[in-house]
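Labels A, B and C are assigned to the chains in the order they are written; within every chain, residues are numbered from 1.
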Amino acid sequence: MKKLSVLLIVVSLMVVFSFNVMAQDYAEEITIYNSGGLEHDPATAKDIERFEKEYGVTVNVVEVPWQYQIDKLTTVFSSKSSQVDAFVGSYFMLTNFAMPKWLEPIPFTEEEEKRFSPGVLAASTYKGVTYGAPRMMKDTQLYYRTDLLKEAGLEVPKTWDDLVKVAKALTKDTDGDGNIDQYGFGYLGADKLGFTFRTFLYQSGGEMFDESLNPVFNSSAGVKALTFMSDLVNKHKVTPKGIISMGEGNVGDLFISGKLASVASVPPLHERILSSDLKDKASIALAPSGDVTNTTYLDGNVIFVSSFSKKKDTAIAFAKFMSNYQSSLHELVVEGNNSPNPHVFSDPEVTEKFPEKWVKVLEESVKDVKAENYPFYLQVEQTLRQEIQNALNGTKTPEKALDDAAKAIDELYSNVLGI
Amino acid sequence: MKFGKNTLDTGDNINLWQYFFLAIYIVFSIFPIYWIFITALKTPSAVLQLPVNWIPENITIENFFYVFQERPYLSYTVNSIIAAVSSTIVCVVLGTPAAYSFSRFKFIGHRFMFISVLVSRMIPPIALIVPFYTMMQRFGLIDTRIALIITYSFFNLPFVIWVMKSYFDEIPTGLDEAARIDGASKWQTFTQVILPITFPGIAASAMLAFIFSWNEFVFTLVLTLTPHAKTLPIGLMDFIADDFIDWARLMAGGLLAALPAIIFGVFFQKYIVGGLTRGAVKE
Amino acid sequence: MLKKLFDKHFHYWIILPSIFLLAFVVVYPTFNLFYTSLFMKNGQLGITRFVGLQNYQKLLFEDSKFWPYLAHTFIYVGSAVTISLILGLIISNILNKAIKFRGALRTMMLLPWMIPLVLTGITWRWIMQDIYGAFNAILMQLGIIDQSIAWLTEANSAMASVITADFWANTPFVTIILLAGLQSIPDQLYEAANVDGANGWQKFWHITLPLLKPSIFVALVMRTLFAIRALDIVYALTGGGPGSSTEVLASYIYNLGRRWLRMGYGSAVGVILLLITIMLVFLFMYILKPESVKE
């Protein structure tokens, strides 16, 4: 008995010891791919510097244009190259890279998992394995012009019906030349149409897929969501038609140039507002809620570790570091990106920088976010985007568009996955 | 060496309709560039002002400085110039003799080889990306200018051969024969008789090779990582993010990226005049 | 002795370096393209399975995307190439004449080609945009329209925008090729025609056009090759939308092979595109019969 316990102690000491040695035995340098130039990501730059200092590891950053990040990583991974150790990617890339086993699971401890809002953690997980370390997130809020609302004596819309009413009142011809030059409401279009649709879908109680991966976004909830999006453009005419071809940046441009009185957009916009002429004329509120929930869809940046990396331990340490409290705090304070970690909102640095109301809205909004991970995300997304555009420009009815999308996706799954 | 009077005289002058057409076309060509230009001169906050200001009010050249000071633009420019110029030289030096051979000599495999040259450019480039990447990786050439020079040369050589062949074809074979009768070797005929009068063709194909290399995007993106080898078009993408496009700086960066190409173009278009009947032969 | 040998096999010596270089890139990838197209190869699932010609069967008879995308490809390539060829022919003829500021005009004509394609796409997107686009602003200030039009949200106007951006960027290339070709037409021919009292149009039709055939052929084929595989402009301008109205085969291959990792299927589309390109080129050869390919 005594012998056994001594043995146990020795073994456990050895384990602890070797674990410690291993934990401190980091590689000298790792290479990470960042989406876009680092000076657009001052918070990322700052955290990388901290990591280098604390861990004594040199981090080589390769800046990849964001639209081409997936393509470039695909080339690197297809050739089984160990060139990349970790990369700053997006939640939506997860299945694309996890399915072919190009990603290394990130073994968060229970303690570490508690950092994150449950919706965000679920978005970083595929088939029960966590692959991503959430760094920041983009979820939908309502950005609106306080001056215009006040002038018209209107309240901030809380539901879809309110939104239509307010938007109608704010859509007008301000200079009297017969053309509308101020629209009441806008949402993110083009490549972000799927993003926008999912928020409306979740809000009306729908889901993208059921448990056995059948597409269910063409349910009545889905039709309701897409009909709402289409009505805003075609029936109520409070959203400019051009939105169909405008992504996050373009719609932001419209808001900043004063052509939109309100817009459902994501937190980087509030950083843009703060550095523009609209600084004192705009505010932020929770996205107007649908009949069922006020859940919003989430995307954003997450750190992934390559399974081809020869320095996995260091890369995993890096991923964990880049998603810790300090890192999320920096993303919020330095870049204005919403934090997957709800604890940072009470940090003095946050309350000092942002108006109290903004912080409250962001904090509230993080609590109710959702994203589903399903196979062939990119291909599903393209089909969905195409059909949403068909519905919005009147080529198809919302029902037909969603049914066609569901059919195409069903075919894809049964053809390729055999389900 | 002067290239004689620098116009081809067909005996007509330009009529009014042609002037009119040319004017419209030039306006169409210049307008988007004017738009790029005035945007580059605006302050970031003035860029999105509506209605559109066709003549910017508060002009600033800060965007141009920003591009050079805050971005590794200098090294992008150097990489672009080295890669494009080197591959242009490779293409012209290798391609011109090959084109001459295709144009003048009939030999075994002649037709097959020429068709192969054509077909080599018809393969969808997407099919080449992964093989190229793997090959460059094996030779340790990822993120080097050499990889770019090799790639650009591969891509532009068929074009140069082709353009030059069509150009040689337009030159009467009588010139060659006369030289041969005078006792010149084939090499001498080529270098001393034919080559000097093909200057316009060489200038045009050099321009093609240069501009295609200068603007190459997909392969450069895959083959480069850092400012060691990144070129201007890739560097330009840094101004585009999904949350917003830094319009003023993007446009300033774009103009700076085009500038060396424009200088190159201005220089070479001068040589695309007067070929066969005047030019160097007479000198 | 060596010299003599060099002279005897001169045609081979000067051709070999190029052929050697090209063979290096052509042989393996082409073989690989055909080979891969016979497999079901999915990078997402890690599957590689020999399926023979099934990919082609699926593509031609079952795929609801292939035929529409092929049609878009033909519309896009056909219009962009035709327009740029006609424009290039006219402009090169004008700019070849004695005209004031010819150097400056030629340079201006060249400018669009010098702008990096990524910037071309994104600038045209901005110009064609609803509400704050420059094109709408011009039309409104000229009083042609009174409400801005969302050009990129309707199938036809989106395709027209893409085509416009394409020939805007590429006409200078055609012009340069033709301008170089025009230089080799001997003056004597025009002088003789002048003696015969031919007018400008007759000279263009009977002298310029026939003698320019080799250059026209080169310009036509090269433009077609580039347009058929072009994605930069399409992607920057419309992203393939609205709906799938500006998706072309090149973007389909790109998505299949590089994003969705259906390499086998993507290769099959690639083979089809290669065959279409070859057929087109032979068709051009047959129609134009340029000396440069006829032995």
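Just so we're on the same page, a contact is a pair of C-beta atoms (placed from the backbone, for glycine too) under 8 Å apart; a residue touches a chain by one contact, two chains touch by 3 or more.
Note that this is a predicted model, so its numbers are computed, not measured.
Note on connectivity: the fewest steps through touching chains from chain A to chain B is 1.
For the interfaces A-C and B-C, the C-beta contact count is higher for B-C. Per-chain CA centroids place chain A at a distance of 41 Å from chain B.
For the pair chain A and chain C, the distance between C-alpha centroids works out to 38 Å. Chain geometry summary: the mean Cα position of chain B and that of chain C are 15 Å apart. Among the residues of chain B, those in touch with two or more other chains are 48, 50, 129, 237, 240, 245, 247.
Multi-chain contact residues of chain C (touching two or more other chains) are listed as 132, 258. Among the residues of chain A, those touching two or more other chains are numbered 71, 75, 78, 191, 250, 253, 257, 259. Across the interface of their complex, chain A is touched by residues 45, 48-50, 70-71, 129-130, 133-134, 137, 142, 221-222, 225-226, 234, 237-238, 240-245, 247 of chain B. Chain B makes touch with chain C in their complex at residues 7-15, 18, 21-22, 25-26, 28-30, 32-33, 35-36, 48, 50-52, 94-95, 97-98, 100-107, 110-111, 113-114, 116-129, 131, 153-154, 157-159, 161-163, 165-167, 169-171, 185-187, 190, 200-201, 203-204, 207-208, 211, 214-215, 217, 232-233, 236-237, 240, 245, 247, 250-251, 254, 257-258, 261-262, 265-266, 269-270, 272-278.
Those residues of chain A lying in contact with chain B across their complex are 36-37, 39-40, 60, 62-63, 65-68, 71-72, 75-76, 78-79, 81, 83, 181, 191, 247-250, 252-253, 256-259, 266, 268-269, 272, 276-277. For chain C in complex with chain A, the touching residues are 42-46, 64, 129-133, 140, 146-148, 150, 152-155, 158, 238-244, 255, 258-262. Listing the residues of chain A that touch chain C in their complex gives 70-71, 74-75, 78, 96, 99-101, 177-180, 183, 190-191, 240-246, 250, 253-254, 257, 259, 375-376, 378-379, 382, 385-387, 389-390, 392-393, 395, 408, 416-417.
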